[in-house]
Amino acid sequence: MNKFYARFRLFYLNNSIIFIFIALSVMSGILSDKFFSVRNWLNILNNFSVTGIVSCGVALVLIAGGIDLSFGSILACCSVFAAFLEPRSLFLAILLPVLLGVLLGLFNGFIVAKIGANPLITTLGTQWLYFALLMIVTSGNLVQGNSDTPFHFIGHGKIFNIPFPIYFFLGIVLFAWFLSRKTLYGKYLFAHGSNKNALFCSGIDSSHIYMMTFAIMGLLVGIGGVVLSSRLIGVRPTEGGRYLMNVLTAVILGGVSLNGGIGSLVNVMIAVVVLGVIDNSMVLLGVPYKDQQIIRGGIFILSIIYNNYLVNQSEIFRRKSVSQES
Amino acid sequence: MNKALGKAFLEYKLLLVMGGIVILMFFFDFTFFNPINLINIISHVSINGILAMGMTLLMISRSFDMSIGSIMVLSGTITVMLVRVIGIPGAILVGVLSGILMGWLNGILVAKFKINSFIATLGTMVIFQGMAFSLTNMKPISSRNPNFQIFATYELFEGVPIVILYFLIAIFIVWFISRFTRLGKNAYDIGGNMDACRMMGINVDYYSIVFFIISGVFASFGGVLLSSKIDAASAVFGENVGLQIIAGIVIGGVSLAGGVGKVMGVVQGIILLGLLENVTMYLGLFGYFQLLFRALILLGVVIFDIVYVNVNSKMLEKTNFRKMKEIG
Amino acid sequence: MGTLVEMKGIYKLFGGLCAINNVDLTIGKGEVIGLVGDNAAGKSTLMKVLSGVYPPTEGDIFVEGQQKIFKSPHDARNVGVVMLFQDLALVQDLDVTDNIFLGKELPKRIFGQDMRFLLDRRTMDERSEKFLRELEINVDSIKEKVKNLSGGQRQSVSIARTIFFNARLVILDEPTSAISVKETQKVLDLILQLKKKGVAVIIVSHRMEDIFNVADRVVVLRRGKKVEDIEKCKTTPELIIKRIIGLNDGAGCNQ
């Protein structure tokens, strides 16, 4: 019994986002009777599918001990490219933007991992670089797509009455979770974030792992870009900017450490849904649009404080249990 | 001799880049050298420069403030709204003082609640901007008081606006703090090794909060100037300002790892960015070329520093080994 | 006892600073060497050169008579030279098994094919559990994260790891500096076990008593130069300490 309690407590301390999620959902359910309808939940997931896909990629980079600010620009580049290619070929409109995402991610990774520049400043630079190039190429204009091609299905189609982007979202989460937990790469990913010297001393090319992580982020952002492009029909080059805050919020709320080495993709997914729930309930409760941002920021700060408190508690708890045994 | 040359090159590389740009402009468009244009460049970067000065000490002590853009707009908004209620001097005073409160909040979150400064100020960035949204109802607002503009646009001499003076004062204050006061020395020490400072009995949390407050006050002063300059405030003015300022400071030679950096370097970095903006305008290029140049300069400086340090230490190793062998 | 590793005329400069100045060192098979010296005497640097972390500015390393150039720790590991860094050897956020198998993971077999990118966690758990039991190392659970272990357990796990890499020479950087007396004895026992298996060990340490407990030979570095290389039975801790601080050391004092 005691051991069971200890386990539960540790789980609770390390996965606070799950309990935040449950508490918020119950609260919203009480305040609004529309909240617990299937349609509402599909709506939430559908609206946050692109955020979720991108968050998975960014979470991997943070676990590896880096950070990326350029994903918004990469997302914009990929989705505009997809919209541009879409009238020409369905196949290329899916393949090439994803490849472009990988390339742009790889460029970040090369500068950060191989040259050794600070990831925050580097990706700030590449964020502007990609965005400026995109604006120069498109002259800042909307890139128009068609609304009745097969490409349209990616963003708007339904299978078993469930919108197609949700499958993408869940599939990507599954993929990223598998990658981080079950593969050799995933183990090295965590090891790189936690202690890259140990990797180096074990004879593993840690910079390669790091660079590949940026490339994988590019891949996922590229996929997000294709989905986004298909959802929107016409894509503005400025589309990526909105995602910066949401994605970073989701990843950090999901318990991924900025110092690297700690994080769970499942928790990140739940954090994305939490953001969706917050947005959704603010609409259902009729909070004026002008006040929504304060609430979002407030919840962000409070959950970070709460999460820090729990992490501290879990350290104390562990130390106690270790000292009891010895 | 060689060593001294290398060091001088490192110190003045930004001036060299600026010199290069100016010489290029010589061939394109001679009106660039109009004194009015040169003053224009300085006065244009003044507000950003004041913000950068405020954050310099903070970044030397190894923290950031992503929220300065939002502090700027919130202070500007408060000032513009209060001009109608309590008059111009009172409004300006309250606007600047509001920066203390916001900086203090950032400092508390980072120093007392132990949140990473990037995350904490990202959160307050959203909150402060949200407050500005709420206050302005998401529309630009104006004080409708013509005298309010004098605070920023008063001309000292023919064509020299007073913002340049404010900028110079800001440079002087921060330069003085960083060179001659205990506060400045502690910024370098805390940035260099925070744990050691804590063990030496330096109240790291207190200083951290002070640096955040300095950053907040300078940002809100910049915000008041901006709103006074155009007699308007809007919650979207401050978007991306934080990242721009951080980039300028890094270009100016302050390391993100903390403990390194000079105030005059930051001034050069900020002026270089202003020069780029002016040049793209003069050449009649599409506005986003400015962003492109800024990104390239940022990446170039960051990569150059790393490569230079690597190559330099390898060369030193070789030459010193040869010398040692010769001596025996 | 044959010679395992020989270092000849090693120099290492950092920028202008000369950290290692013409050092020779011979290590026999199954020999335990204590490497001592003051702070900044060049102990760690010499060991990092030997384990491939830094390339030497000049000098040669021979392993069983053959010249080797270590470009990375990986190269050193391939010929059996492994260094355990103080607090650097293990990844704190991974569990015990993952750490023991770091760099030598077992691939999962699916349909008789090795899937190199997948991990066979179950077999690795079984093998590491058995392995730790053989070496009499106690950890609560093989699934425990390393950051939750005590200092002595961590050190034991990282020494155990080297055996997995078929190490022939293990370099330990301050293996007993941050752990309790009881656990120190365990670590020293483990070192003797390594010796029994024919593995050579170099211990870098400040603690004379530990070194005189297990070492066969003591090497003293001072300001990047080797000033003493002597069998343990021919010297005493007092003499060694005198060498470390440079008493009776005319040549060293003049520099």
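In order of appearance the chains are A, B and C, and numbering begins at 1 in each one.
Quick note on the criterion: a residue touches a chain if its C-beta (ideal position, glycine included) is under 8 Å from a C-beta of that chain, and two chains touch if they have at least 3 such contacts.
Note that the coordinates shown come from a computational prediction; the quantities given were computed from them, not determined experimentally.
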item	value
Centrality ranking, top chain (CA atoms only)	A
Maximum centroid distance from chain C, chain identifier (CA atoms)	B
For chain A paired with chain C, centre-to-centre distance based on mean C-alpha positions, whole Å	41
Rounded Å distance, chain A centre to chain B centre (Cα mean)	30
Interchain centroid distance [CA atoms averaged], chain B/chain C, Å	48
Shared-contact residues (touching 2 or more other chains) in chain C	none
Chain C - residues contacting chain B, complex	11, 13-16, 18, 57-58
Parts of chain B lying in touch with chain C, wherever the complex brings them together	313, 316-318, 320-321, 324
Contact footprint of chain C on chain A as seen in their complex	182-185, 187, 190-191, 193-195, 197-204, 261-262, 318, 322, 325-326
Complex contacts: residues of chain C adjacent to chain A	51, 53, 72-75, 77-78, 83, 85, 88-94, 98, 102-103, 105, 107, 116-119, 140, 148, 150
Residues of chain B touching chain A in the complex	109, 113-116, 118-120, 122-127, 129-131, 133-134, 137-138, 243, 246-247, 250, 256-257, 286, 288-289, 291-292, 294-296, 298-299, 302-303, 306-307
